[in-house]
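Next come two complexes built around subunit A: one with subunit B, the other with subunit C.
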Partner chain A sequence: MIAASNSVRVAAILASFFQGEHNSLHPAGPFSTNIEWLYWAIFWIVFVAFVLTILAFARASAKTYSRSEEMLPIMKNEEGDRKAKWAVGTAITITLLTLFAVLFMSVITGKKVEGMSSSNPVTIQITGHQWWWEVTYPNPQADQTVITANEIHIPVGKPVVILTSSADVIHSFWAPSVHGKRDLIPGYSSAFWIQADQPGTYPGRCAEFCGLQHAHMGFSIIAEDEATFEAWEQQQLQPASDPQSAETQHGREVFLTHTCVMCHTIRGTDAGSRVGPDLTHLASRKMIAAETLPNTTGALAGWIVDPQGIKPGNKMTPNPLAADDLNALVTYLRTLQ
Partner chain B sequence: MNPTRLIIAISLAASALMVACSREERVLRPSPSASQVVNEAQVSGLNPGANPLPTPPTPSIYEESAYAVSEGKTLFGQYNCSGCHANGGGGIGPPLMDNNWIYGSEPQNIFTTIVQGRPNGMPSFRNRIPEYQVWELVAFVRSLSGLLPKDVAPSRNDQLYVKPPEASMPKQTPVGITGKPSQ
Partner chain C sequence: MAISEAIVLPQETSEARLERTWGRPRGFWGWFMNVHHTAIGVRFMVTSFIFFLLGGVLAAMMRFQLSRPENNAIGPDLYNQIFTVHGSTMIFLFAVPMMFQGFGVYVVPLICGTRNIAFPRLNAFSYYIYVVGGLLLWVGLFLKTGADAGWFSYVPLSGPEFTPGKRSDFWAQMITFTEVSALGVAICLATTILRQRAPGMTLNRMPVILWEKLVISFMVIFAMPAVMVVSSMLLMDRTVNTQFFNPANGGDVLLYQHLFWFFGHPEVYIIFLPGATIVSTLVPVFSRRHIFGYTAIITSVVATGFLGFGVWVHHMFATGIPQMSASFFTAATLMIVIPTAVQFYCWIATIWNGRLQLKLPMLWVFGFFFVFLIGGLSGVMLASVPVDWQVHDTFFVVAHFHYVLIGGALFPMFAGLYYWIPKMTGRMMNDLLGKIHFWLFFIGFNLTFFTMHFLGLRGMPRRVYTYPAEMDWGGLNMLASIGAIFMTAGLLVFMVNFFQSKATGKLAGRDPWKAGTLDWAVPSPPPAYNFLELPTVNGREALWDAAPNQPIVTGVRDDIPEVLITNSLDSEPQHKEELPGASIWPFLTSITVSIAFIWSIFSPWGIAYGAIPVVVTLIGWLWPRGHSPSPRQSVLEGKWTR
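After this line comes the complex of A and B, so read on.
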C-alpha cells in the first residue's frame, strides 16, 4: 500500500518534471535554450557513466567464487597486475577528461548566457522585498517611470536588461523559461539579460530562502508583442482614475485614512509610501500577494482583512475594517485599471 | 559511579532541557489591544486633588519581545519617524535618545503621543498605524535611551549607522513627566 502510494508520488514528480510551467526544460528564449542544451549534454554523459557502472557491478556480482573454508595461498599474477594497472589508469584518464569536457561546456555556456549587445534594450529594475517583487522601468524623466509589482511585462523577441537589487535580505530571481537563477543582494547591483521569443506568461519564483513566506514569493513574466507592450506601458504611466460613484469615493477615503496609506502608493492621490507594492493599477494585475491569490473581489477583501491568516508573517497588517468600509475600499481598488 | 562523573552526567542531561527554551513568542496575528490606555495616560504633572492618578497597566508583551522591538525599529524607518527624529538624535523633531521627555517616558505616554499627535509638528497617527505596531514603535523608542533590558533591545543595525545599536546605549534617567507618581 505504502509502496503503491510512493510509486504514485514518484510518478507524479516525474510527470511534473516534464510538464510543469516553471521548468528549465521548456526554454522560451536564447539564454534558456543554451542552459537546456547544457542540461541534456550533462544528463547523457552521466547516464552513460551510470549504465557502465551498473553493468560493471552486474558482471562482478555474476562471477562465482570458491567458498572453501581453507585459506588459499597467495599467488603472484604479474599478467593480471599489469592488466589492472591499465584498467585503473584508463578509467581515471577517461573520468578526468570527461570532467574537463563538462567544465569546458559549462564555461562556454556561461559565456553565451552572460551577455549580448543591443543599442536600445528595455531596462527593468527588479528589487526583492520580503515577500514580493518591485518592478521599475527606469526613465531619466521621473513621470515616465513605470512602477508595478510581481508582473514583468516585456516585448517579445527583444533583449531586456534586468538590473537587480534587494531591499532587505538576499533573494534570487528565477524564471527558468528565460534564464537561470540570479541572486538579488542588498547593497549590490548587478545586471543580466533575458529574452523571450514566443509570447506567453512565464512563471518565476524566489530561489534563495528569504524568510517565512519564501515559498509564496512568485512573479510572472508576460511576453507580448511590441504594440501591446507599449500600450501597457502608456496605460501604466497614467495616474489612478478619480472615483466616479459615491461608494468608490468612500473607498478612496477609507484608503487614505486607514493603515493602507502608511505603506502603499496610489499615484494621483496623497498616498505615496514605498514600503509595499504600488497599487496605482492594481486591478490590471492578474494575481495579488506575489502570485498567491487571484485578483478577484473576494480574494482581495480576504487579503485586506486577514493577510496574516493567508501568508503568516508577511509585512501587511491585519485590517479589521467595518463591513461597509471594506466593501467600499475593495470596490474602489477594483476600479484601479 | 564516582560523584564527579555523576554531577557532570546530570548537568549534561539537564542542559538537554534547554532545547525547549525559546527566545520569544512571535505574535503574527495580534488581537486589537486595549485602546482605553489612550484616555488613561497622564500627560501633565498636574493632578486633581492631592493624590496622583494611578498608573494604567502597560502591555508589557511588546517590551519583553526582542522580535517586537526589532519590528518597531524597522517601522521607525519605514513610517518615516526618522524624517523628523533622525535615528533618535532629533532634527526637526526632538531627540529620542536623551533623558528629556516632554510628554512622558512611560509606554502609555509615548503611545498617546503617537496616536494623538502633539503641538508644533508631531502628526496624529490614529487609525493609520494599527495599535500593535504603535506598541512596537513605543518599545523601540524606549530602547533608544536604554530603558529596555539589554536582551530585548536590538543588538545590531541593518544599515551602516555610526550610532551603536540600542542594546549598547547607556541607560538614561528620564526627566520631565514620567507618568509615575511624583515623590
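After this line comes the complex of A and C, so read on.
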C-alpha cells in the first residue's frame, strides 16, 4: 500500500521532470519537433553507449578484483592483451560509425530546420533591449508598421521570419516550443524561422546573460488563426483612443507631464520616445515588464511607483506620484486597448 | 649505448654536501627565496585549493539563492558578481593552477629523475604572479567591485558603455596574471621534460604522465596568448578608448567570442588532460600491470592536443553562424570523442587483464569513470547544432560542463591527492574518512548536477539570479541545492582527514603503492635534492622494469646545484647545467610586474612608468653570479658506471 503510493509519488516526480510549457521537449511547431526527435535519437545512442561502457568497467573490475591489503606483484598477461587489442579495435570502430551516424542525423536535421521557403511570410523584427523585447512588424508603409513589446502575435500553422538585432548588449531569443535559440548581436543581423502548429501561448526567455535583469526578460508568442491575427494587427495599427472620462483625461495629462514621456510612445499623443516599450496598446497585453508582472491595475500601479523594487537595476525610474494622479494614470493606461 | 660516454667525478656524493647545496633557505625571507619545485608545487596546490574552497563558498551561496523561486536573499548585482567570480576562480585560479601547475611542478621533475625543474626562478615567479592575480579578483569582490560580466565577460556587456567602473578591468587583468603564470610554468615543464629526463628514459619509454604534461604545456603556449590578447584588447577599449569591440565604430563583438573560445576550448582540455594523466598513472598501479595500449594512449593525447584547437565554434552555434560552417565544428567536436574513447577502452583493458586493487585513490578514479562518462556523452548531444540551439545557455550546459570539469579534473584531483599526499607529507591518509568523503561527494555531486539536466531541458536559462514560481523549477532547484550540502560535508571530511593524517597518519615510507615511476624512488617527503643518486631507466615503468644492477648517474657535482641535461629523443647525457639557486629576485620581480599591471587598470601610463622598476628587478634577477667553470665544458669528463 505504502510502497504503491510511494511509487506513484515517485512516478509523479519523475513525470514532473519533463513538464512545463517553456520546454525543449514539448514542441509545438515543425522546427522544435525535428529538434526534439534528434534530441531523443542522440539521447538513446549515448544512453546505450553509457550502459555498455559501465558494464565493461563492472565486468573488468569484478573479474580481477583483489581484496589484498598488500600491494600485489606486477603481472603480465600477453594472451589477454592480444584479445584486448581486438576488443578495443572493435569498440573504436563501432564508436567511429556511431559518431558518423550522429553527425549525419545532426546535419540532416539542421538542413530541415534551416532550409525553409515560403512566399510572402509574416516578418517580425525582434530588437533586444536591456531588459525587454521590441517587436516590430515591418512594412514599407510606415503607418502600416506595427510596433509592440514582449508579446509576439503570429498566425498559426505558417512559417514566420524572425529578424534579429540588438539595441545594446547581446541577448538571445528563445521560445523552446517553436524553435531553438538565436543570439541578438549588436552590429549583426540574422534571420530564422519559427512556426507554431497549434493555437496557444508559448513562453520565451532571454538565454544570453545580458546584465542585471537577465532573469526577468521574458516574452510570449501568441499563435492564433489567420483572422484573429489580422484583426489584432489592424487593432495595433490604430492610434491610442482619446480618453473619454475626466479621470482618464487627467491620467493622460499625468503621463504627458511626468517622466513617462522621456522614454515611452503613445501614438495619438505627443509622447514619442523610443527608449522604452511602446505603450499605445498596453492594455491589450497580458503581462508587463517583460513577463515579470500580470497586466492588472494593481501590478501596473506598483510597477509605476517602484520599478526598482520589482526589477532592480532596470532602466525605469521610480515615480512617486500622488495617489489620485497614480489612479488616474493607471486608469488611463488600462484603457489603451 | 652512448651512455658509456658520460660522466664520473670524484665519489664524495655526500648527503651533507647535497643538503647544503640544495637545502631550503632559512628565515622569513627564505620562504620567498625558495625556488625548489617541490616547495613551489605544494604552494601552487595549497593556494589553488584555498581558491577552490572560496569558489565553493560562492557556489553554495548561489545554490542557496536558487533553492526557492523569487528568493530575495541575494540581489542581482551581488549574484552576478558571485557567479562571475565563481567561474573565474574555478577555471583560472583553481583548475589550471591545481591540475597543470600544481601537480606538474611537484611531480614532473621527480618522475624525470632530476633534482629541480628547469628555470626554477621563472617557476617561482609564476607562482607569485598567480597569487597576485587571484588576490586582485577577490579583493575586487570584497570591495564590491567584483567582476560581474561572467567568466567569459562577453562584449559589449563587459565594455566601457555597459560596465562602467573598474569591475571588468579587474577581471581582464586577473587573466593576464594567471596566464603569465601558466605560460611560465608551461615553459619550465616542457623544458624539464625534453631536456632533464633520466638517462634511458627515451621518448618511447616516457611515462604517460610526462607525455601528457608535455602536450598540455604546448597547448598552454598556443592557447593562452589568445585570451591574453583578447583581455588586453578589452582593457584597451576600456582604458584608452580603442574601439575593437564597439560596433558603432566598426568594431566587432563576435571577434571577441572567436578569440575567447579559441583559448576557451583548448582550456577545457588543459584542465581535463591532467585529470586523464592522473588516471593513466593510477590505473596501472592499482591494476598491478603496465598500461594497456601505451602507444594508443599517447597518440590520443597528442591528437586531443591538436583537435582541441579546432572545435571552438561549438560555443557559438546560436550566434547565427551558417549551417555549413557550424557542421564542420560538429564534425570536429565528434572527432575529439575518439581519442577520449580510446583512452577509456585502454583503461578498461588494463583493469580487465590486471588485478584490480580498489584502494582509495582508485575509488576516486572509478568516480571519474562514471561522472566523466556522463559529461562526455552529454557533450556528444551538445555537439549537434540543432540540439545545441535548444540547450545552449541553459542549465543543461551547466550540468554538462560540471560533469566534464568536476568529473575530468576534481575527481582525478582527489585521486591524485590521496595518491601523492603520502609522498608530500610522508604520511598515509585515513582510508575510512577518505571513503566517507568519496560517497558524500559522489552522491551530492550527482544530486546537484544530474538534476540540472532536467532544469535545462525544461527551459531554465543560465546566469539568472532568480526565477518565477510559475515556471515550476522550484522543486528541482531545491533538490540541486540539497546536493550541495552533501558536497560541502564531503569536503569538510577531506579537510579533517588531511590535517589529522598529516599530524598522526601512518608513515608512508618510500613507496606505499609499489608504483613504477621514479617519484616513488625517493623518500617521502623528498629531500631538498630529490635524488641522492641520480637514476637511470630501463623501461616505461622505471621501478618495475629496473634491471637488478640498474646503474646510477655519477659525476654530477654536489657542491653546486647542477643537473644532468639529456637529449630530447633518446635522453642520452649531453652536458651538465648549473641551475640558479635560491633568490629573492623572482619575488621582487613579481611585485614590480604586479604594480605595473594593476597600475595599468587605472592609467595607461602605468605600463610605461611601471616598466622602470620591472627593469631594475630584472637586472637584479639576471645579474651574473661568478661560479665554477662553465658547466658545459665539464660535460664528458668521465664515464658512465654500469
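Rule of thumb we're sticking to: the second predicted complex is superposed on the first by the 304 of 337 C-alpha atoms of A that agree within 3 Å, B and C clash if a C-alpha of one lies under 4 Å from a C-alpha of the other, contacts with A are read in each partner's own complex, and residues count from 1 in each chain.
Simple rule for what comes next: a residue touches a chain if its C-beta (ideal position, glycine included) is under 8 Å from a C-beta of that chain, and two chains touch if they have at least 3 such contacts.
Everything numeric in this text was worked out from a predicted model, so none of it was measured.
Of the two partner chains placed around the shared chain by superposition, subunit B is the only one that A:258 touches, whereas subunit C remains out of contact.
Using the contact criterion defined above for the overlaid structures, shared-chain residue A:215 touches subunit C, although it does not reach subunit B. Using the contact criterion defined above for the overlaid structures, shared-chain residue A:320 touches subunit B, although it does not reach subunit C.
When both complexes are overlaid on chain A, the residue A:275 reaches subunit B alone and has no touch with subunit C. Of the two partner chains, subunit C is the only one that A:114 touches; subunit B does not reach it. In the superposition on chain A, A:161 contacts neither subunit B nor subunit C.
Of the two partner chains placed by the overlay, subunit B and subunit C both lie in contact with A:312. Set against each other, subunit B and subunit C touch different numbers of residues in subunit A, with C touching more.
168, 312-313 are the residues of subunit A that lie in the contact sets of both subunit B and subunit C, per the superposition on chain A.
On the side of subunit A, the complex with subunit C involves touching residues 13, 16-20, 22-25, 32, 34-35, 38-39, 42-43, 45-47, 49-50, 53-54, 56-57, 59-61, 63-66, 68, 71-77, 80-81, 84-85, 87-88, 91-92, 95-96, 99, 102-103, 105-107, 109-111, 113-114, 130, 164, 168-170, 172, 174, 176, 179-183, 185-188, 190, 192, 203, 205-215, 218, 291-292, 312-313. The part of subunit C that touches subunit A in the complex is made up of residues 75-77, 80, 149-150, 154, 156-157, 161-162, 247-248, 251-254, 287-290, 292-293, 296, 318-320, 323, 326-327, 330-331, 334-335, 337-338, 341-342, 344-346, 348-349, 351-358, 366, 369-370, 373-374, 377-378, 380-381, 383-394, 454, 457-459, 461-468, 471-473, 475-476, 512-514, 516, 541, 544. Those residues of subunit A that touch subunit B in the shared complex are 168, 257-259, 261-263, 273, 275, 306, 308-309, 312-313, 317-320.
By the touch criterion stated above, subunit B contacts subunit A in their complex at residues 26, 28-30, 32, 78-79, 127-130, 132-133, 158.
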